[in-house]
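Okay, so chain A shows up in both of these, paired with chain B first and chain C after.
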Partner chain A sequence: MNGQYASLLIALPLLGAFFVPLIKGLGKKAIKTYVLIITAIQTGIAAWVFQQVYSTGKPIIVMAGGWRPPIGINLYIGHFAALFVLIVAIASFLMAVFNFKAIDVEPIDKYAMLFLLLMLGATGMIATGDIFNLFVFMEITSITAYALTAYNKTGEAAEASLKYMILGGIGSSFFLIGVALIYGATGTLNMAQIAQLAGNIDPTVAQVGLALIVFGLAVEAELFPLNAWAPDAYQAAPHPITAMFSAFVVKAGLYAMARILYLMSSVGTWHNVLKLLVVMATLTVVVAEFSALRQRNVKRMIAYSSISQVGLIALAFALGTQAGVDAGVFQMINHAIIKALLFLGVGYVAVQLGGADIENFHGLGRKMPVTAFGITVGAMAAVGIPLFNIFWSKLRIILATVEAGYTWAAFLVLAASVVEAVYYFRLIHAIWFEGEGERISESIPLVAIVVALVILVVAIGIYPNYLWSVSQKAGSDIFNVAQYIKNVPLMGVGA
Partner chain B sequence: MSVPNISAFYFGAISLILIGLYAVLVKKNILKMLIGLSIMETGVNLLLISIGYISGKSAPILSEGIEPNQAVDPIPQALVLTAIVIGVATTAMTLSAAIVLYKHYGTLNVEEIRRLRG
Partner chain C sequence: MNELMIMLFAPLVAGFIAWALDVRGIREAVGVLGTLVPLGVLAKYYSTIAGSNPEVVTQTITVGGFKLIFQLNTISWYFATIASLIGVAMAFGMVSTSRSSYEWLFALMSYTGVLGVFLSGDFVGFFLFWELMTFASFMMVLKRSRHESLKYFVLSVIGAYAMLIAIGILYAKIGALDFGTIRQALYMDAMLGSISKSLTALVFLLFLTAFGVKAGAVPLHVWAPGAYSEVDQSYTAFFSGALSKAGAYGFLLLYILMGAKLVAALGIWHNHMVFSYIIAWLGAITVVVAGFLAVLQEDIRKLFAYSSVSQVGYILLGLGIGTPLGFTGALFHVLSHAVFKGLFWLVVAALVLRTGKTRFEDFGGLAEKMPITFAMSLIAVLSLAGIPPMAGFASKWLIYEAAISAHMPLVAGAIFLGSALAFAYVVRFLYAVWFGQRPSDLEDVKEAPLPLLIGMAILAIPNIVFGVAPGLVTEYLGKFLGNPVGGNYYKLVTPTGTYNALLVAVLLVFGLAIAGLIFIYGAKTRRIPVTNTYQSGNPVTEDYNLSMRRNFYRPLAEALDFWLKYSWDRFYERLAGIAEDFADFLREGFYNGNVQSYAWYLAVVLLILALWGVL
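Showing the complex of A and B:
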């Protein structure tokens, strides 16, 4: 089959979102089923693209309208994008299942539309090969994310959403200024051509432009000090949306940051930006872990834990070494699995027991044993205990950090891990050893998802090699810029 | 018609961005913060346009008597059109959120809107 069919990854959710009003009359259940079907098809296409890219070893370049880059906009689905588009689709599919239980507030049709557009935005951010197109997809992602944060219509939701919007607005303006500077210096918006010409840019302009872009994306990627919106939004958003935020929306921002960072690696002042990012990432980890310690709301606590793990990924990307990028990609995959599991479990508990406060988790081991088991495995894995998946990626990130000469950062991250262990074990203790309760029947599909994710966590924890080799391929897709330039069939204009 | 030196545009754009940023960071009223955000967006748009401007050239519209090499760079203009549309969407979203917020809290002062914290 022709690789150009990969453009369906963008087209399908977009068309799917536009057709939601047509089935609005059929009722709530029909809309939720419709979303489930669209995400299932998306997963199928993404799996086909993944198989295609990994078996041939060549990226799929989709040229919009048949125009060759840099005149036309191209999608670049290499090893990284193929992998993450698949993760986005799978996570959306699982959350589409969760929608049946978790979403009751009207208007469901608007929710379905925004849900599909959120998936589209993240997919587009990961797949695009044009820096302004990236901005457009980023805005699609963030505007739908603003709306979904406010979806529950409570005061808290509106407050969280407004915080997110103001920070997001500043971030996107910064990003656009950075794009303007880079466009002014190179005369192109195509990522491959920017990488080609990056060495010729005035180092000061490149440094300022890159720093502005990193700052702009730091809002989406939840890096300190621009992540104040994240815990609020995670807490106030509907439960499936929280899981999606954590599983892939933040990843799309991180990926965009890493991609643009490495595209500009031939710039002389590149290492200054890396140092800035290392400091931001380490602070993210430390501040988030200590904030998590004080939380009474479990959803908010896990949100902080998610932010700290994201800081770890950003640290890995900021090292500027191949080992760091590989470890970062590995951590991204593991984090997506763990956080989907945890937010699904916690969200399900909140739906059943009316809130995610820690009191509701007392005696959960008796009330909802399977969900409690899932949350426990997720918590232990997030701490980084051996036999679970995060252990391997954390280990590799810390080794890469020491290797790159940032011993202080590795030390701070390890110290923060101890804090993480404290609050997760407090949660596990509350689940199994406190309180009493009667058994509540658990929904079969959700239990199946929880068990499947738990098996995945343990399987990766015991046999990490396959996923590690996949991460290495995806990591070199980001790190090896020369190969990236070679893969995009640039027309010889303007260069 | 004489056009001022290009640095005047850069100066104006940067000032607009900084004025907007000041309003967002310092003002206590949410509506004023949102106005600041819009001012900032306008500044960014002006910056983008100025980057594509070439002194003495006409608008990039293909018409009689104007060759492609006599027009300014069209790409920044396309970018700005997109950015304006996105800006409108964001402004509409933020304002509607402000309305919901006012219904729930009865105030638009950010210091009083603090139910989520920690």
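Showing the complex of A and C:
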């Protein structure tokens, strides 16, 4: 099959979203089923693309409208994008299943549109090969995210959404200024060509542009201290949306940051930016873990935990070494699985028992054993217990951090991890050894998802080899910029 | 070759099956079987390891881009066999005491963890199994007590992460993670000195923290009393008998991998290697402090918990002496502590199972009711107190000899004091639980169930065998320590002394026989009041009512009043409180919900960017 079909990854959710109003009259269930079908097809396409890219070892370059880069906009679906588009699709599909239980507030049709657009935005951010196109997709993602945060129509939701919007808005305007600076200096928006020309531009301009882009993306990527919106938004958003935020929306921002960072690696003062990022990432981990310690609301607690794990990924990317990037990608995948599992479990508990406060988790082991088991496995994995997946990626990140000479960062991150262990094990104790409860019947599809994710977590924990080799390939896709430039047919412009 | 993998994962798989099936009977059978497999495999390899042509059995697997190496060599075989012995005894004990599939799962998981730690030939596997064993044992404690388990886990994780950073530093400097390469590289570096002194000291300190926590060295021991008390006592046999030995093994590893480099970097002081001297003193302090604390306990479980800490201190002390003789003593004590303390915990398990009580004041006169358990505890008491011809004497004697011949009189004094304290607390245990007046509610107590007794017997036999024939152990250990101890199976000869275990045993049996004859033919019953042993002529008043069972060592506590005011436990609690308050401060200060301040954060970052010279 022709690789150009990969453009369906963008087209399908977009068209899917536009057609939602047509089936609005068929009722809630129909709309949810429709979303489920679209995400399932998306997953199928993404799986096909993944298989194509990993079996041929070559990226798929989609040229929009037949215009060749750098004139036209191209999609670059390399090892990283193929992997992550698949993760986006799978996570969306799972949450589309969860929608049936979790979403009851009207207007469902708007929710469905926004849901699909959120998926589209993240997919686009990951797949695009054009920096302005990246900005467009980022705006699609963040605007749908603002709307979805407010979807529950409560006071907190509106407030959280407003905060998110203000901070996100400031961030993306700075991003745009950065893009403009780089465009002014290089005369191109194509990412491969920017990488090619980065070494020649005025270092001050390049540095300022890069710094502004990183600053803008840091809001989306939830880096300290630009992540203040995140806990509120995570807590207020509908449960499936929270899981999507954590599983891939924030990752898309992180990826964009890492990608642009490494594209500009030939800029002279690049290492200064890296150092700053290391500091920010480390502080992200520390502040978020401590903030989670005495959190009474479990969903918010896990939101803090998610922020800190994202900080860990950012740290790995900011090391500027191949080992760091590989480890970061590995952690990204593992974290997506774990947080999908945790937010799904916690969200389901909140739906069934009316809220995610810690009191509702007392005796959960008796009330909802499978969900409780899923949450427990997720929590243990998040702490980094061996035989679960995050152990490997965390180990990789720490080794890479020390190897890159940031021993102090490793110290701080690990100290914060101790705190993480405390609050997660308090939660586990509350679930299994405190309180009483009657058994509540659990929904079969959700139980199936939880069990499937648990199996995945343990399987990766015991046999990480395949996923590690995938992460290495995806990591070198980001790190090896020369290869990236070579892969994009630039018609000899500028070189 | 895959037998190493089978032996490593058999307990884990068995535990998982036992947990998943959760059928009474099958659960226990699978569990016991799972613990027997490693012992079988180890027995099979005995001739390969200890024969005239010793070979190293190696197995390598690749996981997630790391090459994990598992090795069965002289040292790892020794440690793994001890752990397996205790593991089997634990499984038999748990057949009687545990009704929970949860406990079976995590008990066996920690068994796999301990074996993995001993067999690993590289730091990734070592760290993985180290974490696994910590986690599994933590889950055992979590079931009974949240507070104690978190204390244990937090300290352990701090230790584990300290180790991880040390591993990271070594990896960054050497570029390898397997023991062989690291050892060679550090040996070379001892002469080249390309790794700086301060960095070496940092690595040493980090490893010291990591292994010190697990071994329960003062001041990192505070987790031990709570954690050892708040689990199924059959499991404590393994917890204290085998799991804490991972710490001792870590210290040994420190010598093997970093010894030369540490000597080069930290130097020599008065003929003692500085780093080793630190370990020796750490051990000595642990022996004494934990010994005193053990004496003052009113709860059997707490007593033996502190006693475990104190006894593991002996091992550190022996290693810290740093001579082949010291190593022999320390490693011998690994064995003897494992078997006598394991035995003690099984006895405690039987007592808890049959009476449901743990405090001295509730016990008394049980020797008639549980005669076999009593006999077992007598063996354990003799061995722990260091009375010949038990294993405990031989190992302590070797450590003592080593300290003397290494010219460490103060350290040797600590050994002596520790032994006296050990005697003080076991005597109390012996008397208060087994002899004297029996409380009326203990009239219906039955003998311990058969599986538990089997478990005890498995541990009692080595106490006697290696006590009467200590040469068996010293000869094996001599293979890689260069035979510092002479003599034969029954006789140990060191540069400063000779100990003939067989002769002592024969004399003891002979003496006991005479005493028995006198007792049978010449003893008369006479009634004495309960307080008689203690009061020594002083009048007993209500507010100063001391008996063997109640506040027996209160005068000692009063004498130590000044020191007991300072508690590491409270220190850590306060630290934890500060951390929690700090957490609130951070959360409320930073995530304060005010969008204006959030916008200011952005401005501040931009400002920092500008100041940094980036903008």
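In the analysis below, the second predicted complex is superposed on the first by the 492 of 495 C-alpha atoms of A that agree within 3 Å, B and C clash if a C-alpha of one lies under 4 Å from a C-alpha of the other, contacts with A are read in each partner's own complex, and residues count from 1 in each chain.
Keep in mind that, in the parts below, a contact is a pair of C-beta atoms (placed from the backbone, for glycine too) under 8 Å apart; a residue touches a chain by one contact, two chains touch by 3 or more.
The structure displayed is predicted, hence computed values, not measured ones.
Chemist: Identify whether chain B and chain C fit side by side or clash on chain A in the overlaid structures.
Modeler: With chain A aligned, chain B clears chain C, so fit.
Chemist: Contacts for A:357 in the overlay, against chain B (first) and chain C (second): which applies, first, second, both or neither?
Modeler: The answer is neither, since A:357 touches no partner chain.
Chemist: Touching A:442, do we find chain B (first), chain C (second), both, or neither?
Modeler: neither
Chemist: Should A:147 be classified as contacting the first partner (chain B), the second (chain C), both, or neither?
Modeler: It touches chain B, and chain C stays clear.
Chemist: Identify which of chain B and chain C touches the larger number of residues of chain A.
Modeler: C
Chemist: Taking the superposition on A as described, I'd like to know which of chain B and chain C A:166 touches: first, second, both or neither.
Modeler: both
Chemist: Which partner does A:385 contact after superposing on A: first (chain B), second (chain C), both, neither?
Modeler: In the superposition, A:385 touches chain C alone.
Chemist: A:290 in the overlay: touching chain B, chain C, both, or neither? Say first, second, both or neither.
Modeler: In the superposition, A:290 contacts chain C only.
Chemist: Take the Cα centre of chain A as the vertex and report the angle out to the centres of chain B and chain C, nearest 10 degrees.
Modeler: 140
Chemist: Going by the contact rule set out at the top, does A:177 touch chain B (first), chain C (second), both, or neither?
Modeler: Touch partner of A:177: chain B, not chain C.
Chemist: Looking at the overlay, what does A:232 touch: chain B (first), chain C (second), both, or neither?
Modeler: A:232: touches chain B and chain C.
Chemist: What is the minimum C-alpha distance, in Å, between chain B and chain C after the two complexes are superposed on chain A?
Modeler: 5
Chemist: Can you give me the overlap between the chain B contact set and the chain C contact set on chain A?
Modeler: Touching chain B and chain C on chain A: residues 162, 166, 170, 231-232, 291, 294-295.
Chemist: Which positions of chain C touch chain A when the two form their complex?
Modeler: Per the stated touch rule, the residues are 62-65, 124, 127-129, 131-132, 135, 138, 142-143, 146, 149-150, 153-154, 157-158, 161, 164-165, 167-169, 171-172, 579-580, 582-584, 586-587, 590-591, 593, 595, 597-599, 601-602, 604-606, 608-609, 612-615.
Chemist: With touch defined as at the start, can you tell me which chain B residues reach chain A in the complex?
Modeler: 17, 20-21, 24, 30, 33-34, 37, 40-41, 43-44, 47-48, 51, 75-76, 79, 82-83, 86, 89-90, 93-94, 97-98, 100-101, 104-105, 113, 115-116, 118
Chemist: Please output the residues of chain A touching chain B within their complex, sorted ascending.
Modeler: Within the complex, chain A touches chain B at residues 132, 136, 139, 143, 146-147, 150, 153-156, 158-162, 165-166, 168-170, 172-173, 176-177, 179-180, 183-184, 189, 231-232, 235-236, 291, 294-295, 300.
Chemist: Any idea which chain A residues touch chain C in the complex?
Modeler: Residue list for chain A touching chain C: 162-163, 166-167, 170-171, 174, 207-208, 211-212, 215, 218-219, 225-226, 228-229, 231-232, 269, 272-273, 276, 280, 287, 290-291, 293-295, 380, 384-387, 391-392, 395-396, 398-399, 401-403, 405, 407, 410-411, 414-415, 417-419, 421-422, 425-426, 428-429, 433, 463-465, 467-469, 472.
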